[in-house]
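Shown next, in structure tokens, is the structure this report addresses.
Note that the chains take the letters A, B, C, D and E in the order they are written out, and that residue 1 is the start of every chain.
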Amino acid sequence: LTQAPAQAEPRLTVISQWSAGAEGAAMDAFGKMVTEKGVKWEHSPVSGFTTDMMNKLRADIIAGKPPAASQLKGPEIKAWSAIGATVNLNDVVKATDYEKNISADLAKIHKPKGDWIALPLQIYRVNTLFASKKAMDKVGATELPKTWDEFNALAAKMAAAGITPVAHGGIGWADAMYFELTLAGISADAYRKAIMELDDKALRGPEVLAAFKQLRQLTKWMSPSNAGQHWSVFLPALMKGDYGFLMMGGWASGVLKKGNFEEGKDFLCGPTPNNTGKPVFDMNADGMIFWDTKNADLLAGQKATAQVAMSKEFAKTFTQINGSIPVRTDIDLADAGFQDCQRDAAKNLAGAIQANQAIMSLGHNMAQTSPVTAALRDVLTEFVHNDKITPEEAQKRLADAADTVR
Amino acid sequence: MVEARSLSARGGRILLYAILIAFAAFYLTPLIVVILNSFRSFQEITQTSVLGFPKEFRLDNWVQAWGSYCIAGICSGISPYMWNSLLIAVPATLISTLLGAMNGYLLSLWRFRGAGLIFGIITFGVFLPAQMKLVPWAITLRDLGLSNTLAGLVLIHVVQGMSFTTLFCRNYYVNVPQDLIKAAKVDGAGFLQIFWRIILPLSPPILIVTVIWQFTGIWNEFLYGITFSEGSARPVTAALMALSANIAQAREYGIESASVLIAALPTLLVYLFGGKYFVRGLTAGAVK
Amino acid sequence: MSALSVEKLRVRFGSVEVLKSVDLAIESGEFIVLVGPSGCGKSTLLNVIAGLEQATEGRIEIGGREVTGVPPKDRDIAMVFQTYALYPAMTVRGNITFGMECRGVPKAEQKEAVARVAKLLQIEHLLDRRPGQLSGGQRQRVAMGRALVRDPVLFLFDEPLSNLDAKLRVEMRMEIKRLHQRIGTTMVYVTHDQVEAMTLATRIAVMNGGVIQQFADPQTIYDQPANLFVARFMGSPPMNAIPARLAASGSEIAAMVGPDAATAVPLPNATAAMKDWVGREVVLGIRPECITLPDGEQPGKPAASLPATVEMIEPTGAETMALIRVGQSEIMARMRPDARPAVGSVASFALDTAKACLFDPKTESRIA
Amino acid sequence: MSALSVEKLRVRFGSVEVLKSVDLAIESGEFIVLVGPSGCGKSTLLNVIAGLEQATEGRIEIGGREVTGVPPKDRDIAMVFQTYALYPAMTVRGNITFGMECRGVPKAEQKEAVARVAKLLQIEHLLDRRPGQLSGGQRQRVAMGRALVRDPVLFLFDEPLSNLDAKLRVEMRMEIKRLHQRIGTTMVYVTHDQVEAMTLATRIAVMNGGVIQQFADPQTIYDQPANLFVARFMGSPPMNAIPARLAASGSEIAAMVGPDAATAVPLPNATAAMKDWVGREVVLGIRPECITLPDGEQPGKPAASLPATVEMIEPTGAETMALIRVGQSEIMARMRPDARPAVGSVASFALDTAKACLFDPKTESRIA
Amino acid sequence: MTQTATTMQAGQTRPARTAPRRSWLSDIPDLLTRIVAGLIAAAAVSYVVGFTLWTVVISFTDSTLLPEYSFVGFKHYFTLLRSRVWQVAYFNLTIYGLGFILGATGLGLLLAILIDQKIRAENLLRTIYLYPMALSFVVTGTVWAWLLNPTIGVEHFVRSLGWAQFNFGWLVDRDMAIYCVVIAAIWQASGFAMALFLAGLRSLDADLYKAAAIDGASPARMYLRIMVPAIWPIVVSVLVILLQTAIKTYDLVRALTAGGPGIATTLPTNVVYDYMFQRGLMGAGSAAAVMLLLSLLIVLLPYALFQRLRRGKGGGHG
């Protein structure tokens, strides 16, 4: 029930799944910045999985009362914008230098039909490699491996020293993520073609096979007893040196920090192995979509919020809290509030954009719409947990799965 | 000879108790794990394991979980959400029980053609998976103008709950002698009066069973709770989800454990104090 | 005034005809007992009269008023159920006042009525208990109280004593009888206990298979049963039914029984109808108490003598029953308490044939 | 041989002493009936004998063997329960063979035994049904079958007929009697129906409050009850207990009853013990069948005449009961079926005092 | 009602009212109340029928994120039947359903029988066995995920006690993980089964035990041959209640294994949810739901027919 008349103070109703912890705090900071612009911030988080949030969104759309803004990312923005009317943000965006300072691929996702209807909020580097300092010390290594060969060699040493080289929780999305990291590290182009464009030839090509082979190698280095667990469950053992490496999005550094572990002392952080010679950035970007409304107060709120979301100030505040990196590439991360890991990722992103090797994550729903992602993920997760499936067989299944959903 | 017999009997008793206690341990272990975790800090759990004995018993988790943990910028812990859950669960439980009793009464004591079929259909309702009903409910709530209201959630739980309550109550009422209805008719009582004055006072055993069943189910439900509520009006299960199921964060197992225990307290108490009546009610003919 | 009249009543449940053209006309103040074996339709008849079940056909008048379509509460009846059907969650007082409450009787009047009934039935001290805290006999009384408080044109009782044990049953039977003598309201009382029927009724309706077999006063039912069913159903042990051949010797006729129909049982009270059956097969009906050992013979009564083998004796204290055999027929005899014929011996039993009946072996109706 | 001997048996449940020093010695082949009101401990006694309940004190021998600590299955007994306790999910055949199965009797033998018992009880056609599909009488027979198949030293029956309706009860009673005559096994039979007790027993043990009041043959129990409890419990309607004052006139003594103790009831069979009570208050016990209307008077029997007001009459067909009043005492009289004294009139009743008893009003024991 | 109750009591002490006072209940016309009762039943029926039919209709459409009505026939059914996830899920449901239902029934029965042996502390034990019923599947799943996880749970614990060779890696073994789901589900529901069975055993005629004792049945034989068959209707109720739990199990898997390792513990409800909401393929998800219900009918209909047949035969005796 809106008690205020139409011309009353601007306000914004927003739903997201970010309710607690760092994410919740970041959203609160967002809210504070919006409030300072005179907008009443009404955040209604739907905690839990993304699907739960989307169910809520769907129910609200069905009810004819979508929120003014909601969390949404990747190709889903396009899919959802087809079932509910969205707000055109072109004027607001064009009034700034925003578009010039973000990745073109990313921009495309947020204006699926040419008009800006959504905005990215933050970026995570998915291809981040965390190494246990203790494990590294034990085998006498000081540097993170740069290529898959280096990685394999180091991992073999660790295995020989009684260390489980790879810490892996083994939930579906993480299994898919490990595949995308291997493929991106073998050939970012092949990744773009095979995964992002679902090109059949690329899918059946040698790079994908090589990725599967490397992934099979990785699974042999995973503890057979890790499955169905949140990745964070194994952090203590990783830090103790029982495990060697963890490949996980940049958010893991925030968790480690909260657990009182120090970068450089307890762990090392950097990009995952990369054979291409040029920087690769596997991107997971959270975004916010703005739904159409007839209420003037909400419309005003949306506009003000979009302006905040595009600001440099927001970019810094939001990412510092979350451990992510700004969407804008023109931000200096020298602040003490950032960690080395973030700075490294930001540098990585800029380089990757230049080299045209900034790609979208499959495991995190950035590369494809949900049905496609899920179909591919089913194949990948089964491959990770079933060593009877050969890389060749898996490649065929993956290509076939792509066939059915293309 | 008598000696030997009593010895073996004693051996049997010891074995009996050993088995019973072993199972008690099996049932209690998870609870104990959660209780222990609720006294451990995030750092402690992160640095050791989710299973372990607390280095020191800290009450922070409980304090935070109850009153200061931040969910969506509101740092009041889960306590306000407990109240929401009560506002949903209590009316939904009572109404669905009452309506189920009414249905059971109608279907068992006012036998009419098709009563069996109607009962069969209503009973089939208990098998419908929740996921399947999510979108139809969204549409229904929209049409009724109850989207994102507590009343909407109550309605959902009442209608869905009727399947179970009708099942339980009807099976209980078929054992009520038809003569009672006849006597009341001769006395001049009408349909509702017979139900209210004669049948309902007979029903506490089965009502306790349905109330416990419904209350537990509704209290623990989260899919509808998340989807059909909004803002600070969410049930406690939705608030609990804020503590779990994130990809980018390590779970706050300590606070989560304390919250789970606090959130489960009403249902646990219901079983603790109602359990006896639960079994008694079942004995009285709930099951057939 | 006619208190209840039932005409051509038919009740069908699905394909089963439970009542087949029942007629009953009951005068005000009568105590009618419906008896019959289980499943014969007694309760159904009562339910239809009460309006708790729909008749398929036929007409019912209560107190001179047609009641088709009138709901139970408006029929001016009260009913006592076999299971008492006391409202378990109400106190005795609540049980008794519930009907008045439903009809909106003022509290003061209710209170008065409860007091009156409670005094009548001596349940004053039970008024605040619940049915669960009462003994069988007390419950029965409360059920009566619930009915009595209505002061209706017609009382309906559906086997009100069948849940009591033998001793209590006898006591309550007497109480009901006294009650009827005191209040004089018309009663229709269902039982399948024939002793209850005999002792309580002003008239008895014997039912079987949805049909009223005989409707008459107890003595007539006992002494002149309309057919073999009634003869066998009323009386315990039941009337002996002995296959016989009717013979005439002069103006007298006799039933020939036993092996080779050798033993003659003279029938002094023979009617004209009986005489038509001379020379044909009949069934001789004779009650156990009419068969005794000779030393109990009483002067001035027409008697016949029947030699029979004693198969079993059952002394109950107050009397001794004997199972005796004549040819193919097993016959019950009822003797003085101290009679002790040896089992296996042949004794000569005395028959009081004044009340003997004859039945058509085919139709089973009495030859009168 | 003694089939069962119970010595100084005591059973206590918590603080309640349910059996208080019970002694019983039963010969082989006897049919013992335990009677007593509800809750007097009959079932408990049976359960202790069967080994289903522990005795607090005392000694039990079955077939000459001490059985303390012997489990029920090894006591060589069989038991029939009031509720029959048929295994609901097994067929009749399964119910009967289950015990043999537990004892590992070979299949062939089992089959033979079932055939034998089924024939004996005429339940051959029921063998494949389940208890739920049987009528009350059929269930009773199956329960008997389960016991009979064991061929034990001792049969225990706990009110096996109390769930049947009156008619069936009479029939089953006879069958049990025949059965006992045929197989001759010792039986202990619990009932609270005194007619069953009288007709079945070779000896009756009357219990009350955990104590055996009298243990004797039926006739003795009926004619010479040990105390007022037994006198009242056995016989229906029960023995009349009339307060009286004992007076002597010459060598004869008489009980003075009625208003002002004005009516003399001469007691021809007075014993020496009775004479000691002359001049004191006693209770005169006299059975209803000994009080009749004078025209039923039988020659040669010592008789007294008692003028009384007729309060109520109950013709049952085979006899007519009358409730008569003499002073403060209500007395039941049992008359011929056609006796019809007018209610309210004063009639002169004939008393057969040959079997009258006298009781001590304080201790309630019989003066003998 | 409370009002009438108090006035009734008050009537004994205060001077009686003169005006006739009916209870409010009798002021509502009888016909109206019957109609309302009918409507309530009708609502319960139409909810079941309506929602089911709606799902059936949607299953024939190409609905994605929102319901839409472009019909595609049986397309989704064929796709699903051929899809690997669905086959695995269905197979899993069979294993899980059987394991859970039989396990919970068996354990419940065992516990009920043990508790029935006149033991001390019966109330306490019963409460301990029953309390998991009070918890949500999410909590159950999470905690059991810890306990069953080899690196942190029971295996780890036992090894730390000295049995270095102890192995209990079911949770991460794709062939055995489904049994972990079974264990956790049994943990939660067996107490309920126990309560029902205990109630049943307690309602049996005490003479039945005596009869069995005289027949010389060993405890095992007594329970298996006599008592359990005697409470068969309760066994059936328990089976039905567990069946509906099994069919609807969703959050347990989500919290315990997230469907993994791989897709090894995915259940049909997970597929329904996955298709409807994760993938945004509402048509296919509805088809999955309908197939789930159909398979349920395959179990329930014969049972209903059997019941009807038996009742028809049994007739007469209650």
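Operating definition for what follows: contacts are C-beta pairs under 8 Å (C-beta built on N, C-alpha and C of every residue); 3 or more make two chains touch, one makes a residue touch a chain.
Remember, predicted model here, so these are calculated numbers, not experimental data.
Asker: Which chain has its C-alpha centre farthest away from the C-alpha centre of subunit D?
Answerer: Using the mean of the C-alpha atoms as each chain's centre, the farthest one from subunit D is A.
Asker: Mind naming the chain pair that shares the most C-beta pairs in contact?
Answerer: More C-beta pairs are in contact between B-E than between any other chains.
Asker: What is the distance in Å between the mean C-alpha positions of subunit C and subunit E?
Answerer: 54
Asker: Please work out the Cα centroid separation of subunit A and subunit E, and write it as a whole number of Å.
Answerer: Taking the average C-alpha coordinate of subunit A and of subunit E, the gap between them is 39 Å.
Asker: Cα centroid separation between subunit A and subunit D, in whole Å?
Answerer: Between these chains, centre-to-centre, one finds 91 Å.
Asker: Residues touching two or more other chains, restricted to subunit A: which are they?
Answerer: 55, 58, 62, 233
Asker: Going through subunit E residue by residue, note those that touch at least 2 other chains and give them in order.
Answerer: In subunit E, 23, 26, 66, 152, 273, 277 touch at least two other chains.
Asker: Two or more other chains touching the same residue: where does that happen in subunit D?
Answerer: none
Asker: Please give the residue numbers of subunit B that touch subunit A in the complex, ascending.
Answerer: That would be residues 42-43, 46-50, 69-73, 134-135, 138-139, 141-142, 147-148, 222-223, 226-228, 230-231, 238-239, 241-252 of subunit B.
Asker: What part of subunit B is in contact with subunit E in the complex they form?
Answerer: Against subunit E, the touching part of subunit B is residues 16-17, 19-20, 23-24, 26-31, 33-34, 49-51, 99, 102-103, 106-107, 118, 120-122, 124-136, 139, 159-160, 162-163, 166, 189-193, 196-197, 216, 220-223, 237, 240, 244, 260, 264, 267-268, 270-272, 275-276, 278-280, 282-283, 286-288.
Asker: Which residues of subunit D touch subunit E in their complex?
Answerer: 47, 50-52, 71-74, 77-79, 81-85, 87-90, 98-99, 102-103, 132-135, 146
Asker: Which residues of subunit B touch subunit C once you look at their complex with the stated criterion?
Answerer: 177, 179-180, 182-190, 193, 197-198, 201-202
Asker: Where on subunit C is subunit D touching in the complex?
Answerer: Its residues touching subunit D are 38, 165-167, 170, 174, 177-178, 192-195, 198-199, 218-219, 222, 234-237, 287-289, 312, 314-319, 321, 323, 334, 337.
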